[in-house]
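Both of the next two complexes hold chain A, though its partner changes from chain B to chain C.
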Partner chain A sequence: MRVGMPHMGNLYIPFKALFQRLNVDYVMPPLTNQRTLSLGVRYSPEGMCIPFKLTLGNLIEAAELGADTLLMPAGSGICRLGYYAKTQEQILHDLGYNAEIVCLGVSQRKLFGLLEMIKRLSNDAPWSKIISAFRFGLAKLNALDRIERVVQKVRPVERVKGTANKLFAKAIEAIDQADDYNTLKRVQIGYIDQLNQVTKDSEAQPLVVGIIGEFYVLLEPFSNLDIEKELGKLGVEVRRTTFISEWTKFSLFLNPMGVNEKDRIHKAALPYLKRDIGGDGWESVGEKVLHAKEYDGLVHLAPFTCMPEIVAQNIMSSTKENIPVLTILCDEQIAKPGMLTRLEAFVDLLEYRRRVKNKHRQID
Partner chain B sequence: MEAYLGIDVGSVTTKFAVLNGSDELVAHIYLLTQGKPIDMVQQGLKQIKQQLPKDVDICGVATTGSARYLAGVIVGADLVKNEITSHAVGALHYFPQGQTIIEIGGQDSKIIIIRDGIVADFGMNTVCAAGTGSFLDHQALRLNISIEEFSQRALDSTTPVRIAGRCTVFAESDMIHKQQMGHRTVDILYGLCQALVRNYLNNVGLGKDIQPPIIFQGGVAFNQGIVKALQEELGTEVIVPPHHEVMGAIGAALLVHEEIADSHNGSKFKGFGISEIKYHTSSFECKACPNQCEIAQLSVNGQVLARWGGRCDLWERSPTS
Partner chain C sequence: MIKVGIPRALLYYQYYPMWKTFFEGLGAEVVVSPPTTQAILSSGSSRVVADTCLPVKVFCGHVLALVGECDYIFIPAIRSVKSKICNCSKFLGLPDMTKAVIPESPPILDIDIDINKGKHELYQAIYKLGRRFTWNPFKVRQASIAAWQAHLKYKQLMSNHGLTPSQAIERISNTTEVEPKTPSGNPTPNQATIAVIGHPYLLYDAHINYRLIHRLEQAHYKVLTPEMLTTEELELAITRLIGGAYWTYEEEMVGAGGHYLESGTDGVIGIMAFGCGPDSLMMDIVHRWAARLRTTPFMSLTLEEHTAEAGVVTRLEAFLDMIHRKKRRRLKLCV
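Moving on, here comes the complex of A and B:
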């Protein structure tokens, strides 16, 4: 049995740590790239969203490397994603790969579902070993996200553009290499320190833009054409509430205990949307309402054909909480020059708005 | 004479505008890009120089349009600005009370919503050029009339024909069908204008709060048939400003004037002499990762001036660094 899985941002790093500690025979497909996209587009039904196409591409690339047991999230209550694993398995079989997709049914059985699956993959390793490996994976995940939050702050104000991105790339590699808690801690502290020491423009007051929308396109930079880096280049500070570590913390540990971080977001959305509409649509509406006062603008990312986000987009345009929103639909047709033109114009719009606001403040 | 130059290099046309120190338009030209943006920038510089007085002093240059980065490297731009902002700034200079700007160019079309004198929202067409000037050009070619004649004759229509305008390919078969049914050419022409307007409002204008005064600019605003169809569809007057076809270039010039005034730095303009330089463009496929990005580069005498086109910053070389 050789295990493989699709990519989503840096998610492969904690999984790698987990597999290594449990001596699972695994293979990681190459990071999502142009070939992944071509494969995914070629073998997917046309109307499928970009998360389906890219993860299918990843799975094919993993199967090419000999993986016969593939991980994919599944279950009810998410969106169409709940059925993707079955569809993708069928496509893989039609292509002649004799691979089985193991569904990560995190939506129902939470942590226990995940742990049971790991037990199966690890060929019945003892629970103590599984839990210790799982904890180490989580530690890597947390370290990655902590560093990324600092990177988001440094990008817009660094004197030499690209410094934070280079450090982040090195940090990702160092975290991937770390094989004990001490090293991991040293790496985390070391890189956060280096990021804080990057020469910055002390007078810059970057615009603050929140990135909201569908989970996968928020977290997979290939699917959103590195939108966070591009906004950073334009001198904009990006804030995002969606991080894998946050999701893990709540979905796996706190939600079963009755703590829901999304309550606040859902409550904010209530005047406009009273129920879950699948995917992250409810959250998108809530985040707009919540952040209208805090941020200068919002970039709303959604996969093309994503029903929940399209519903959210149309509700967002008519809330009384007013903040400019730029919706970007991600699919294989999206072209970088077009996206950059829109981002540049959006940043200009926010800049002019801020100038007018400051003028009013001076008059008052 | 203190002067500011705005250059708007679009997919179909290249526009130049020169403003004096009081932001008055002193010279402008409008050329077809013909797929050769570098040649057109050089030719445009040569031509506009002849329209300017001998003592002209270019204090700032800005580029805009889809080839703004390329043009910026060639002329030594002080400011490279996206075409949405440039068009808004240009239009508001002449009509500060404007609330909606409709801009239809050769390959793209935009809508810009203005509230309280600043941009509040905007939209731009995505992958399809059905609601743009290319659509009209193509259909005029099929009917074997010039685009100038198109504009005049569309106004003679008495009973316009309804043509499916969602897609150029379907529009074409629909148009041929209508011709073969015996409809008059003028009615088909005006039908095409209505189709373009419907397409524009249903795509780019979808969900936008279109309020008067409405300013209509871009090359397609030359077409009287489109102006009429827009007014009919929107049920209100549409203002076509003078020099609407170079409004993006005017906006860019206004922006660089403001920028230079704020910074007190001299212009990076390389001078009119660059129209004689031989630029060389080439491209290659990056092999560093499986993304296989196509990197384009611009060089002079074997020296690379700029590179772009990668997903990452590996090859990126902007003129400033």
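Moving on, here comes the complex of A and C:
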């Protein structure tokens, strides 16, 4: 049995650590790239969304490397995600790969489902070993996200553009290499220190833009054409509430205990959208309402043909809380120059609004 | 008398007799928007963002057509009608979305239908809806029982007599028995049959599918639709194809497709709307199944507001020609 899995941002690092500690035979397909996209697009039904196409591409590339057990998130929700695995398995079979897809039930059995699946993959390793490996994976995940948060702050104000990105790439590498808690901690502290010491423009007051929308396109830089880095280059500070470590923290541990971090967001959305519409649609509307005062603007990312986000987009434009929103639909047709032009225009608009606001303030 | 408006779109085709009986039982008058026209479609699509799917655009157009014609508009949010099976986001967000994009619409009567929450919640929801019309809980109860009976009768009428929803609705609303226009009971032995699968709001909206069913009937084909099958037949087909349903209206697509592909029909046409989330996957499942079986020709038509009539007709003609040729060849072989 050789395990393979699709990519989503840096998610492969904690899984790699997990598999290594449990001696699972695994292959990591190459990081999502142009070939992945082409493969996915070629073999997907035409109306599918970009997360399906990219994960299918990942799975095909994993199968090419000899993986016969493929992990794929699934769950009964309202989004198409629950149907992905069924269809992708059929596509892989039709292509002649004899691979079995193991569903990672993300919505029903939560932590237990995940642990049981790991146990199955690890050939019945003892629970103590599974839990310690799982904890180590989580620690890597948390370290990654902590550093990324600092990177998001440094990017817009650094004097030499690109320094933070370079450091982040090195940090990812170092975290991937770390194989005990001490090293991990040292790496985390070390890189956060380095990031804080990057020479910054002390007078800059960067615009603050929130990034909201669908989970996968938010977290997979390939699918959103590195939008965060591009915004950073334009001198914009990016804020995002969606992180994989946040998701694991709440969805796996705290939600079953009755703590829901999204209650606040849902409450904000209530006057405009009364019910969960699947995916991240409810949250998109809620975040717009909630952050209208805090941020200068919002970038709403959604895969093309994403059902919940279309509903959200229709509703978002009519909320009382007013804040500029730029919706970017991600699919295989999206091109970087087009996106950059739209981002630049959007940032110009936000700067103009801020200038006008400051002027009013001075007059008052 | 309070007037309740029901847009002639989306779930109208599945539940209209039920809704009508319910509201009339509560002493309201039911107003239905006129059949889809180009004006309705254009007015609807001018309100929503471009990538909203065609049926929802049509729906918004129908709501606009009802503005000023009624006191309330009934838009249910149907989350689930079978345990653990969910509906598309657009059905769930429909009341809120309509309110957002059509601010001038009459007050919206929304009701959350979710079987997963248990029967009690469901009854509560129905009761809450009924209480807007009457203070008498027994009247609500009576109306909902009558509504359910009407729904069962409607479904039975379609599956037993092989009627399409429009024919069945016509029959229910006219007290005198009206025979269906096309003799559906006994087809001539050599008459070819074509199954058309897809959601009722695409199949029976003659404007958006360019009178597809009518065209097939004119070409002397017997048309079969998903409503003509029983629930058991549909569920059996779903189990065979993918193990279990995931979407609420999966029977109309995967169930009917799976059944008709193996039941000796001469051809199957699948209709889907561009950008439809559930359909993009379900159509693919049927497509793959057809490719694997290699017995029944299958064609999928994707509709959107840019679809041109000539394009649909050309593809239909080519498909029918192919079926005709195939049939002739088979007859020759028999001789």
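What we mean here is this: the second predicted complex is superposed on the first by the 363 of 364 C-alpha atoms of A that agree within 3 Å, B and C clash if a C-alpha of one lies under 4 Å from a C-alpha of the other, contacts with A are read in each partner's own complex, and residues count from 1 in each chain.
Note that in this section a residue touches a chain if its C-beta (ideal position, glycine included) is under 8 Å from a C-beta of that chain, and two chains touch if they have at least 3 such contacts.
Computed from a prediction, not measured in an experiment: that's the story for all the values here.
Model built by superposing both complexes on chain A: chain B and chain C fit together without a clash. Legend: residue contacts after superposition of the two complexes on their common chain; A:A345 is shown touching chain B, with no touch to chain C.
Contacts of A:N358 after superposition on the shared chain: neither chain B nor chain C is touched.
When the two structures are aligned on the shared chain, A:N123 is found in touch with neither chain B nor chain C.
When the two complexes are laid over each other on chain A, the CA centres of chain B and chain C sit 80 degrees apart as seen from the CA centre of chain A, to the nearest 10. When the shared chain is aligned, chain C comes close enough to touch A:T305, but chain B does not.
Once chain A of one complex is fitted onto chain A of the other, the partner contacts of A:S38 are absent, as it touches neither chain B nor chain C. Of the two partner chains, neither chain B nor chain C is touched by A:T183. Which of chain B and chain C touches more residues of chain A: that partner is C. Think of it this way: put the two complexes on top of each other by chain A, and the tightest Cα contact between chain B and chain C is 6 Å.
Counting contacts as defined above, chain A residues 314, 317 meet chain B in one complex and chain C in the other.
Only residues 30, 33-36, 162, 165, 225-226, 314, 317, 324, 333, 335-338, 340-342, 344-346, 348-349, 352-353, 356 of chain A touch chain B when the two sit together in their complex.
Against chain C, the residues of chain A that register as touching in their complex are 45-49, 76-80, 82-83, 86-87, 90, 94, 272-279, 281, 304-308, 310-315, 317-318, 327, 329.
Those residues of chain C that touch chain A in the shared complex are 48-49, 51-53, 77, 79, 84, 86-90, 92-93, 95-97, 100-101, 103, 110, 112, 242-243, 246-247, 272, 274-281, 283-285, 287-288, 302.
Remark: chain B residues 66, 81-85, 116-122, 124, 126-127, 207, 289-293, 311-313 touch chain A in the complex.
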